[in-house]
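You will see chain A twice below: alongside chain B first, and alongside chain C after that.
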Partner chain A sequence: MKGWLFRRAHFSQERIVLAITIALFVLFSATLNRFLTSANLLSLLQSVSVLGILGVGMAIVVIGRGIDLSIVAIMAIPVAWVLYMMNQGVPVPAAFALGLGFSVAIGVLNGLFIAYVEVPALFATLATGAFVYGFGRSQLFNQDIIYLPASASWIAAVGRMHVAQVPIAVVFFAAISLAGFLVLRYTKIGRFFYLIGENYLAARITGIPARPMIVIQYVLSSLVAFIAGTLTAAAVTSMNTRVVNSTLIYDVILVVVVGGIGLSGGKGGIRNVIIGTLLIGILLDGMTILDVRYTLQNLIKSIILLVAILVDSIVNPRDEQTDQQGDI
Partner chain B sequence: MARHKTIAALLTGLMLCTGFLLSSPAATADGLTDPGLAPYVTALKGKKVVFLPVAMGFDLAEGWTSGVRQMVKANGGSFAIRDPNWSTTAEAQALTELISEKPDLIIVHNPDVQSLARLNEKAEKAGIYVIQVNMRSSFSTDAYVGANWQKVGEAEANALVRKCGAGTSGKVAIVQGVLTAATSVYQIGPILKVFSQHPEIKVVSNQAADWDASKAKALTTTVLQQNPDLCGLISFWDGMAVGSSAAIREAGKTGKVYVVTNGGGEQMACDNLESGNFDEYVSFDVPRQASDMNDAIKMLFQSKEPAGSVKFSLYTPNKILTKADLKPGSCWSMKNLPKS
Partner chain C sequence: MAGVDAFVRWRYRLVPDHIVGEILSKRWADNLIPFLFLLATILVFGANIRDFYTIGYLSDATRQLGEFLLVVIGMVIVMLGGGIDLSVGSTFALANIVTLIAMNVLGWPVWLALLATLVVNGMVGLMNGVLIGYLRMRAFLTTLVTLIMIRAVVDILLLKYSVPISGASVTSALWDYVGDGTLLGLPFSFVVALAIAAITHVFLSRSRPGWHVAAIGGSRRSAYNIGIPVRRTVCMTYVLSGMLCGIAGFLFAARLGGAGADTGVGLDLQALTAAVLGGNSLGGGRGSVAKGALGAVIVLIVINGLVRLGFQSGATSMVLGLILLMAVSIDVRWFKNRHKVLSKVYVSPMFFRLPPRPSTLPDSASPYALNDKLRDVEVIGLDRIEGPEDVILDRDDNLYCGSRHGDIVKFFGPDHQRSEIFAHIGGHPLGMAFDRAGHLQVCVGGMGLYAVSPAGEVRKMTDETNRSPRSIIDDARVRFADDVDIAPDGRIFFSEASIRYESQDWAVDGVECRPNGRVICYDPRNGTTRTVLRNIRLANGICMASDGQSLLLNETWACRVLRYWFDGPKAGKVEVVLDGLPGYPDNVNRASDGNYWLALVGMRTPVLDLALRKPGFRRRMARRIPMDEWLFPNINTGCIVKFDEQGNILDALWDLGGQNHPMITSMREHRGHLYIGGIYNNRIGKYRIPGADRNWTAQDHYWGPAR
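On to the complex of A and B.
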């Protein structure tokens, strides 16, 4: 803890965002009735869990200097297909296996395009995202929102479960964050992700299997997306495929970037995702309690983000290295 | 004028027929030809009807399509759909293209009050009949068929006034959809007006969840934390209300928070009433709306009046459903709609 606080620049973006997060937390705790209760804090976490889980998936890809714009489509469409199959009477395990297979296939496809065909990640995943949505909606099912069939109400019961007071979604967020942390920090694959993100060519020359690693990254993000989708479906007993066209993808990128994982790759970790997620969670929760008008909420959210980015670019001006690397 | 002439012609025809009949009793044995039938039968022949919903693939659009398509095709017309898939830009573009394509009638499902208002007017000026469905733009065209959002709002508010009066906390929450949608703007006013006449009702939260169940769930969870004694909740659409009821169920408050919502009355609504997720449901009855649209189409084509010369509205009467008055057939099922 102490190590990273004092290493590198005094005010990295991560610390600026952390400071804003803590400031907001203190402010809301002092001014809002019932903000600082364990129940409210847990529900705060619960409402951003899915966002945080998607953030972990995105972080894995961004650290390797990629980006996965298809993550929301992979969250929504395979899971909607699973629900659709369950409605048609397909046994639950079979439906889940097919849905999982579908998401992994898209992850592999993303990886192949990016690593072997060398399509920029931005375009490849933008295209696969649109493909997954179009394919799902036109070929797999023709409904916009698919509801959990009454016969599978146990899934909804699992979605409502609490493990020692902690909602299941938060448990999943914690578990996936931990898994992501362990993979990135302690496995060879994880270290390779950082090296590829830092300097792709150098990583290849050193003998790192860069291309397979990229495929693995996208498969991991697809898997994470599928889990996030399953949690969403269990929580609200339905899957709304319209979410693909919503601003959720920006929120996911936001959580990653605002937390301090640079889009230029090779930097940051799960910790950053958690900080970014907490900031959004605290903001949303506080503004809902205050019953701030919705349009005003967007304004406040964007101002806080702008401030974070501005402060970062003032205290951490671009140096020669970051300039050459560039963002995506 | 044209109508008067038609009526005069019909009357003359009728008189001639009667005269003829009186003079030759043999004709009665062969039966009579209904004089109104021919104009009715030919009215839609070869006419091109296009439906422009905000999107396909959800209960309302599918229900309307099924009903209208059957009628138009059965009467010799053609039916087409343009699906902009929730994109207002794509919908505006589709409508612009349609205006130059010039079908005989367009059914427009507006995404909000403003976006397509000018284009609706342009289409009508180009001589195309325009029927607006369920969400009216600020420009009124030949016909509006759809819910009376004012009545929907009043019904919802009155339900909570009834349930959350004396002896309760009187605290209610409102979950709106997209703020600019006609459903939201026409619904919220009457709700707040009803509540303002009942000081015992306190609106503790009035938020928008963009028609998204996940967002609705998150904000309902927070509202419940803040107001554990919440008495009632209005959600502006059934597809979004499932998120609020999931939050309520998770907090163990199903049955304690009175959930009122509205929608097209698809089977999903009855299922949720049955399971206690919803307590009261204001249905605007999609099959009924489809049949109202069919009436409007038939009337416009038979009138032969140029587009824009008559303006009328057919508001769907609300059907209020609670668990107690559920019957088989209270809801319609998207699964059972004919495919073509």
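On to the complex of A and C.
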């Protein structure tokens, strides 16, 4: 009877993580008396919804065997620029159009370098992330933190809005997850992402427009990042560009990898992002209630991420014979 | 037209087109782009910063450079092995704080602090190494995670120790010297970095473990398959990187003596940019300490320069991001297209005008007139040999020939029906000659000059000659030894067809028509090898002339036979014996009547003769169309010609329909018969020479009768 236990479907990372999530939930519910309240659970969801939205953007790219390390910079800088322009008196629609155009342009830049120049995604996005942050901070505006102007306080009002007691950020997370799910599952483009991630060369030979698809992936992740940034700005009425140098990017990767989307591409879906987000959310919330220090939280998170990547490399092992050269 | 031709001739004689391809074929060519970038950086910042070139600025910069260089060297080692280490910034910060805790809080001596730092950082490197090397996790993400982990540890340590660290003061002369001292006028940390750079360079380029690192980076799969300990070696690279960061952090601590939350932040991006910018390949296999140092200098100049010029704090990040993006793009494209560029620019044709072609029509009065004399030759070894470029017979009538498989095949005389593999050399044997003692001297394509004893033992004679100082490609190695003959005093003269092409690319050399050939002399009496004659358009057949002081040399693409004096009053002189041949001469050998046999491997065509006067046309051809469709010299028809030392043509032997001997590269006279070889033939021909001496053998004639 060993067979059923080790059959892939029963042993997948997704199920393990789901089990751990439920176990943690039960554990915290039983031991922490402030945990299992609807207010806490909603604030838990709200606090991780931006992370989850970024996770959806990252998932789209990772499924196509890429990675977007510039996603946090794209979240912060164009939105900060939008706020800056509003402060300078630029009409709100124009400011948003310019900000959106900026983030799309970065996505296109990423895609072009990765798909056409064939720069490894890790390096291309690492470099564009540094570039975008530096460009924004030195050329577009000079402050670390840009505040929402008083004239646009309605945006902050939207940020505080609740739909049937559910915070707007959570609604957005749900909506973007649904959209991502529909795109990945039911559109041709979504299926192409999986095929490209599974076997890029085979996909290209089959006639799939692999290069344009890669550009679309990065544009989509940029758009998602812009939405996440706008939500953040609306929620806290400012944009702190120092978030680029924080560990947020690792949290995003954590969400995706822990959820069970293999970094070698072609696997997983939005469901994995939601599971990963819930795990991280429960973990962070529990640690905050337990009053664990921020630096220690980072240590714990990184150890979990390490274990997640380790499990990933054991479940999907690398083979010396079929390993891609230069695939670091 | 003559004026145009003269212009073209001088244009191609004066402009050394071939240099571009030769430079590109060198490994150091990879460093040219980073080096030019470095010059540009120095010029730009030197022009804009007032005291850029002053001692104070430089000494300040070198102190930083020392620390940064160590980090970059660590990154280079890891990248050469096909990995990446993003945790260097945090590891550096960890080393800094560990050193300061040891010195300021615990009051340890300097050497113990260094040891503690090295141990702690070695453990961090070992963690990375075990995870990536043994557990085979992906380097980028793993080190990204250890980056946060170690940063978290550093933050925790900072909270606990930052107050005691800043409160304590260290009184140690050695500690001050490490931080501020100079050695030979250079900052101590810089000297340390230089010493470690030199050691690492030797380690990577001259030691077995270093080679293993590069081999794994070049092809992990092949390295694994040939038994290199891949996992252990990869693990080692991370340990080294961690320890180098440890030394850097130690020096940093000695210099500044303080710990902050931003120590080492962004160092990973800077080190990565430096390594890639210097030309270290992502994915491994190609890289060196020198490349890393080049990149480190550039990055440091840019960072410091931007700060000095008063740019906003984000500008550094922007410029570094831009440089990294550009450097990675260039690296990827260069690595992918280098060989394509090289194959396009390497062939660099020259102008050459051949004399008019003599007629070969059957009813013309030409000495080369077509005939059918070779139609009925006897065939030896049909389908049992491949590619007998040269044939030779010993005193006992045994016949020897080379084969494509790297063997020398022996056919037993007198009927040459039975054969055996006489010796296996490994490369394709081309020209052959017997020396006085009966040893067979063989030119082997791609290998050099080899000797085979009568018992069949193979011995290398020479494969290296003197390096000419102005040649860009390495012309010391003999890559295309072609034909050989031996002077009466035992000196061995052999031709090297081309110094620019391997033996399988001989036809490309013909498209180029550049004087790439040479004659090399090996003296077995003292074992020296010297190049004696250069600038031959494919140096081919060699045969000693009757005076014992000169040799006949076939210059294939120039369609002529030269005579070169190596001794006597005319030593060093070259004369043309036969000019304007109707085909391309290959080998030349003695005939029984004191004259010479000459093999024409293929006949000239009017189109190629014209093309030789149009180097631009041939260059466009080489660049734009696949090699299969190039205009190549014809080698499908050839003949044998007999001539004397005065340059008179005495006879011509043809196979008109090309049934038995469409191409001929060599022929030997032996006891009234002519034995014929061809480099692409599957047979040896035996032609009875009317009226020839039935007892004449080349060995007895040249070396005297056997004792």
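One rule holds for everything that comes next: the second predicted complex is superposed on the first by the 284 of 328 C-alpha atoms of A that agree within 3 Å, B and C clash if a C-alpha of one lies under 4 Å from a C-alpha of the other, contacts with A are read in each partner's own complex, and residues count from 1 in each chain.
Simple rule for what comes next: contacts are C-beta pairs under 8 Å (C-beta built on N, C-alpha and C of every residue); 3 or more make two chains touch, one makes a residue touch a chain.
The structure displayed is predicted, hence computed values, not measured ones.
In the superposition on chain A, contact is made by A:Val117 with chain C only, not with chain B. In the superposition on chain A, contact of A:Arg160 is made with chain B only, not with chain C. By the touch criterion defined above, A:Leu310 reaches chain C but does not reach chain B. In the superposition on chain A, A:Ala235 makes contact with chain B only, while chain C stays out of contact range.
Partner contacting the larger number of chain A residues, of chain B and chain C: C. Looking at the shared chain after the overlay, A:Asn245 reaches both chain B and chain C.
By the document's definition of touching, both partners, chain B and chain C, reach A:Thr295.
Contact with chain C, but none with chain B, is seen for A:Phe135 once the two complexes are overlaid on the shared chain. Contact with chain B, but none with chain C, is seen for A:Arg34 once the two complexes are overlaid on the shared chain. When both complexes are aligned on chain A by C-alpha atoms, chain A residues 137, 142, 245, 295 touch chain B in the first and chain C in the second.
If you check the complex, the residues on chain A that touch chain C are 113, 117-120, 122-124, 126-139, 142, 245, 247, 250, 253, 257, 263, 293, 295-296, 298-299, 301-303, 305-306, 309-310, 313, 317-318, 320-321, 323, 325-328. The touching residues of chain C, counted against chain A in their complex, run 82-84, 131, 135-142, 144-146, 148-149, 151-153, 155-156, 159, 219-221, 224, 230, 265, 269, 272, 276, 282-284, 311-322, 324-325, 328-329, 332-333, 336.
Within the complex, the chain B residues that touch chain A are 55-58, 85-87, 176, 179, 204-208, 210-214, 216-219, 221-226, 239, 242-243, 246, 249-250, 268, 271, 275, 334. Taken together, the chain A residues at the contact with chain B in this complex read 33-34, 37, 39-40, 43-44, 46-48, 50, 137, 142-145, 147, 150, 156, 159-160, 167, 232, 235-238, 240, 242-243, 245-246, 284-285, 288-289, 291, 294-295.
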